[in-house]
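Here come two complexes built around subunit A, the first alongside subunit B, the second alongside subunit C.
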Partner chain A sequence: MEKNLYHNRLLQWLVYVVFFAALAVIPLVMDDAFLLNQLATYGVYGMLALSISLCWGFGGILNLGQGIAFGLGAYGMAMTMQMQTQDPEYSPIPPFMLNNGLDALPAIWEPFWNTGFGIALALIVPTVFYLIFGGLMFQARVAGPFFAIMTLAILSALATLFVDLQPYTNGVNGISPPAALDIGGFVIDPYMSTSYWVVFALLVLSTVAAKLLTQSRFGLIVQALHNDSERVRFLGYNVAIYETLVYAASGLIAAIAGCCFAFLTQYVSPAQFDVGFSISMVIWAAIGGRNSLLWAIIGAFLVQGAQSYVGDEFLNSWILILGFSFILIVRFLPGGLGGLAETLLGMVSRKRETQESLTVGAGEPETRGA
Partner chain B sequence: MDFTLASFVNALILGLSIGSIFLVAALGLTIIYGTAGVINMAHGEFIMLGAYASYTLQNYLGVPFFLCIPLSFVVVALIGLVIERLLIRYLYDRPLDTLLATWGVSLVLMQGVRLIFGSDPKYIQMPSFLSTNIAAGPISVSIFRVFIFLVGIGLVAAVWWLFYKTEFGIKLRAVTQNKEMAASFGINSGQVYALTFALGAGLAGIAGSLFGVLNIVLPTMGMGYVVEAFLIVVTGGGALLGSILASGVTGEAQSIFAYIFNDTFAQFLVFVLIVIFLRFRPQGLIATGGARR
Partner chain C sequence: MVGVLEIKDLHKSFDATKVINGFSLAVTEMTLQCLVGPNGAGKTTTIDLISGRQKPTSGEITFREENITGLSEHEIARRGIGRKFQVPAVFRELTVRQNLEVAYNRETSAVRNMFSFKPDGCAKRLEEIAADVGLTERLGIKAGTLSHGETQWLEIGMVLMQDPAMLLLDEPVAGMTEHEMDKTVEILNRLKKTNTIIVVEHDMGFVRRIADVVTVMHMGSLLAQGSIADIEKDERVREVYLGTEDDEESVH
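Coming up: the complex of A and B.
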């Protein structure tokens, strides 16, 4: 039996329930539309930190290019939303394309006429991209820092591509769909509590799914990879497949986050592929605690929350503080805040345990481990 | 696009120049990674610091440009030494964490420079004779690019001499091959790592003083170089010769693709080709001792 309270599964789920209940209360007690929109954006960041924690904390795959899935998802959603405002007969072509000299809708845009199909593409394209790219890399046994660098390379390649394809993506200006997302009559207005609820539901869904995944047999093997992938290979497992799948799963979560981001901000640009943004996702997970899904989400909330709290005036010194705290955490606290909580709870549990054993009597230490 | 021999030769020469820029950018990174296995994400910021060091020396102290180059080596090497002593030396057995910690360092350096110098672009002046072009018939090259090319060759020669002809080089290669064994022969491996890190940082400083002339000097200028420099190191396999070959090949490839398509698409193509190349040869062009990383 595990003695550290931190590892108690029932308690972990209880903490999850409390955490999400607290998030669910927010829109009931607050009706400031702007603030709700901002909080919903934090939910998106939370999803991103969750996806990093899944592949880095559990799978041991450091991914500095999570913006790939995030950006592709966001573009897919923005393209869907843009096509909702176009009319097949009177104005089939988005205005920016006309400004860029296109006189017909490009073939890649055609599928986005259909909302359901468009959203499906926004999720499937990044996931399949991750499957192919991850499959290529992991089969070649590119691992550790090298994989991180490769994700970074792909990310910056995509960013340059999206800037370069000006007529199709509107280049650096990005796409800003004029109307809110409408799914079969259900309008997700970014400045209404509905958008908060949608993001909240998706965050809960992806967190619970990721948690169940880590507790499954698949998840156990993935965690074994994190500890020693060579040993897992010698035990006869096809390491590349497990790595690819957990990488793709994290990509799917990031793509969902990208979709949410697009309908929350009604705007998408190559800034979503920014290297700095992808690395700040890693910073959130590292500060919160990459080995815990929930702590990674909390890390995103804390860092982003603090950033908007200090405001633009102190933004300069804030980045300095962020950099220093990141260095200190890597140096002294590799488990992040979650790791700290684990150690503290471990100390508490051990103290209680020794007290119990003292009262029972020191004569039967072998029963303690049972 | 109309193809002429002259414009194609021009593209090839430009490719050589791009390759030499890649090499100068990646040289310090190759040494740090090849010796200590440290993934130094702050390398781009070391380049940026080199540019700012040259700018400061030139604008506030009136130091001539050719003296700025070795001085920015010294300045950035010292900064690198301090960072190594305070942070990196605790992380040698955690390569993934060196990547993260040096990313934190790069954030701090970038923001620190922004607070001191502001976000507006700075310029480094070069002697006027470097800003002209050499022309031979329809082919023309800027003298400054030739200068960078020559500096690149000079730096490679210097590093080669240091690695293979000096006592420090023997120690360094011994530590690279087997740290514990070298230590048991009385080599102070910690000192060798520290000096190597300082050397790599200093080389980035030289790169910065050159790139600061080529482009404008900005706190964010390092970001663009670090990914490319890493791709050179990874494609090359971490060895000096590998980096030279890799920068030559990618430089030419980028220039030829840019000649056929355009600059941004050329960059995209080169990145994708590197990923495909690494699928089939993950150890890079020149594998060191067949070790698979």
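Coming up: the complex of A and C.
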């Protein structure tokens, strides 16, 4: 497809500004705490769709296991919040551990006494995990569906692990920290607009960072290797490192989303590692438009919005509808809704261009050949 | 005489088929060496072995006195060897400009490239090379929409953007018009003053206009080597190669 208005960088940034400004207005005009909390959760879904768009749409790495980073991030944050409510002297051990027969705090829980350290771990552990796992896979030139299946396998293994390690994770019941996250006196109450703002700020930050990444030279080379990774090698770029870093960057965004999810819901469980949930992230990005960071976010909003609209009774048929729309989109609208916008804008701007060249006389030389 | 590139007793088999059979070659700095030979002689495989696309079964390849046998593609590219593929390989989804920008590989570190947007000197070099290969007017369009000849040009431009010490060009003028070929001859004759070049080519007319040294391959080994005049006189070469080439030309 020829370049059109849709590809204008300045216009793209402008659209981002308008989009985020609209999101920023919501808490100013709405004071329903419950609804605001719900909308903040959409921000989390937006981040996840963004991370998929970066990895899959942009980097060409289909990732069906983004729940790995999301879940690890969420658990890290929940562990931090849990330890904030414990006391080193009077109650050093979370109650669920006592119920599970532990009489001392397990060593892996120790670092979470410190809030800063705990949050850092919530982000670093998944990112490093992605760096190692991605590094091993991409170095061995595992790609495409094989890589996607590996991510699925790891995700299921983690889900099982977190269920099985009952004394450390409280198994299927998960962890529900009794108090809101408190960062040095700054309390992120899930039912106050503060939490919305924090999620909003992190969504903006990750989107801008991801957008800049795609516009950097790194981004250009990733685009090239998405197109033909074999060819890139002969230009001197170590393809495995580029792939690993895109994958890890998307993992970091998903880990941030996990952290937000934990303080918004004050509850994490192995459901965060659910395979179906990770696949729905891919569906959001596909429906919105995986080639566009912003449209992927919009996809998450639309699909999750529609899901909450149809309600829980129809959840089973909803999944069928979702799967069906996914197939339709992949078959007939591979660019998703964003692709549709690109085509429509293309029609508008092409019309304008021909008018201009008519008035100016000599325009660009006609494209020859096919 | 020590060459920049030295290939010693190279062997390559795919399963049971021996494709390269004890091939040796020394390429002198700042010369243009043409690698010719009938279909299936192993020319492309030789280029693949030098550039790291294939690993030799045995033998040694040294570049600037460093053993590069078995290094990976990007490591070899970073040492200053740029290649063009027989079937032109460009990034079809990217614009012509982006293709050339990707090829400007002064900085290959992924982390440093995350913080780089417009590398020094890239824009200027890009303008020069685009003009050189006649793609200035086409910079904004997708590479996938170029004609075959233009795609060849683009890939040559990409190799030039790398500014490699050594260029490996696999059939650079295949599918080019007479006029485009003249231009390639002009560029190659200019380039060989500063770079070492290996050109794989079938068209003896083209070889005559550019080659300093001609190497003839046959069934994976060296058949003859020398100036174009020597080669054209060589009885064995006429037998395996030039005879068939004449037939081919009469078909065209």
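We take it that the second predicted complex is superposed on the first by the 354 of 370 C-alpha atoms of A that agree within 3 Å, B and C clash if a C-alpha of one lies under 4 Å from a C-alpha of the other, contacts with A are read in each partner's own complex, and residues count from 1 in each chain.
Quick note on the criterion: contacts are C-beta pairs under 8 Å (C-beta built on N, C-alpha and C of every residue); 3 or more make two chains touch, one makes a residue touch a chain.
Since we're looking at a predicted model, the values are computed, not measured.
Of the two partner chains placed by the overlay, neither subunit B nor subunit C lies in contact with A:Val125. Using the contact criterion defined above for the overlaid structures, shared-chain residue A:Tyr242 touches subunit C, although it does not reach subunit B.
Using the contact criterion defined above for the overlaid structures, shared-chain residue A:Ala153 touches subunit B, although it does not reach subunit C. When the shared chain is aligned, no partner comes close enough to touch A:Ile26: not subunit B, not subunit C. By the touch criterion defined above, A:Leu322 lies against subunit B but remains apart from subunit C after alignment on the C-alpha atoms of chain A. Contact with neither subunit B nor subunit C is seen for A:Leu105 once the two complexes are overlaid on the shared chain. By the touch criterion defined above, A:Phe234 reaches subunit C but does not reach subunit B. Once the two complexes are laid over each other on the shared chain, residue contacts for A:Val208 go to neither subunit B nor subunit C.
Residues 1-3, 213, 215-218, 220-221, 223-224, 226-228, 230-239, 241-242, 245, 365, 367-370 of subunit A are the ones touching subunit C in the complex.
Of all residues in subunit A, those touching subunit B in their complex are 62, 133, 136-137, 139-142, 144-146, 148-150, 152-154, 156-158, 160-161, 163-164, 275-276, 279, 282, 286, 316-317, 319-320, 322-324, 326-327, 330-331, 334. Contact residues on subunit B toward subunit A in their complex (touch as defined above): 39, 87, 90-91, 94-97, 99-101, 103-108, 111-112, 114-115, 223, 227, 230-231, 234, 262, 264-265, 267-268, 271-272, 274-276, 278-280, 282, 292-293.
Listing the residues of subunit C that touch subunit A in their complex gives 51-53, 72-74, 77-78, 82-83, 85, 89-95, 98-99, 101-103, 105, 107-108, 110-111, 113-117, 119, 137, 140-142, 145-147, 150, 158, 162.
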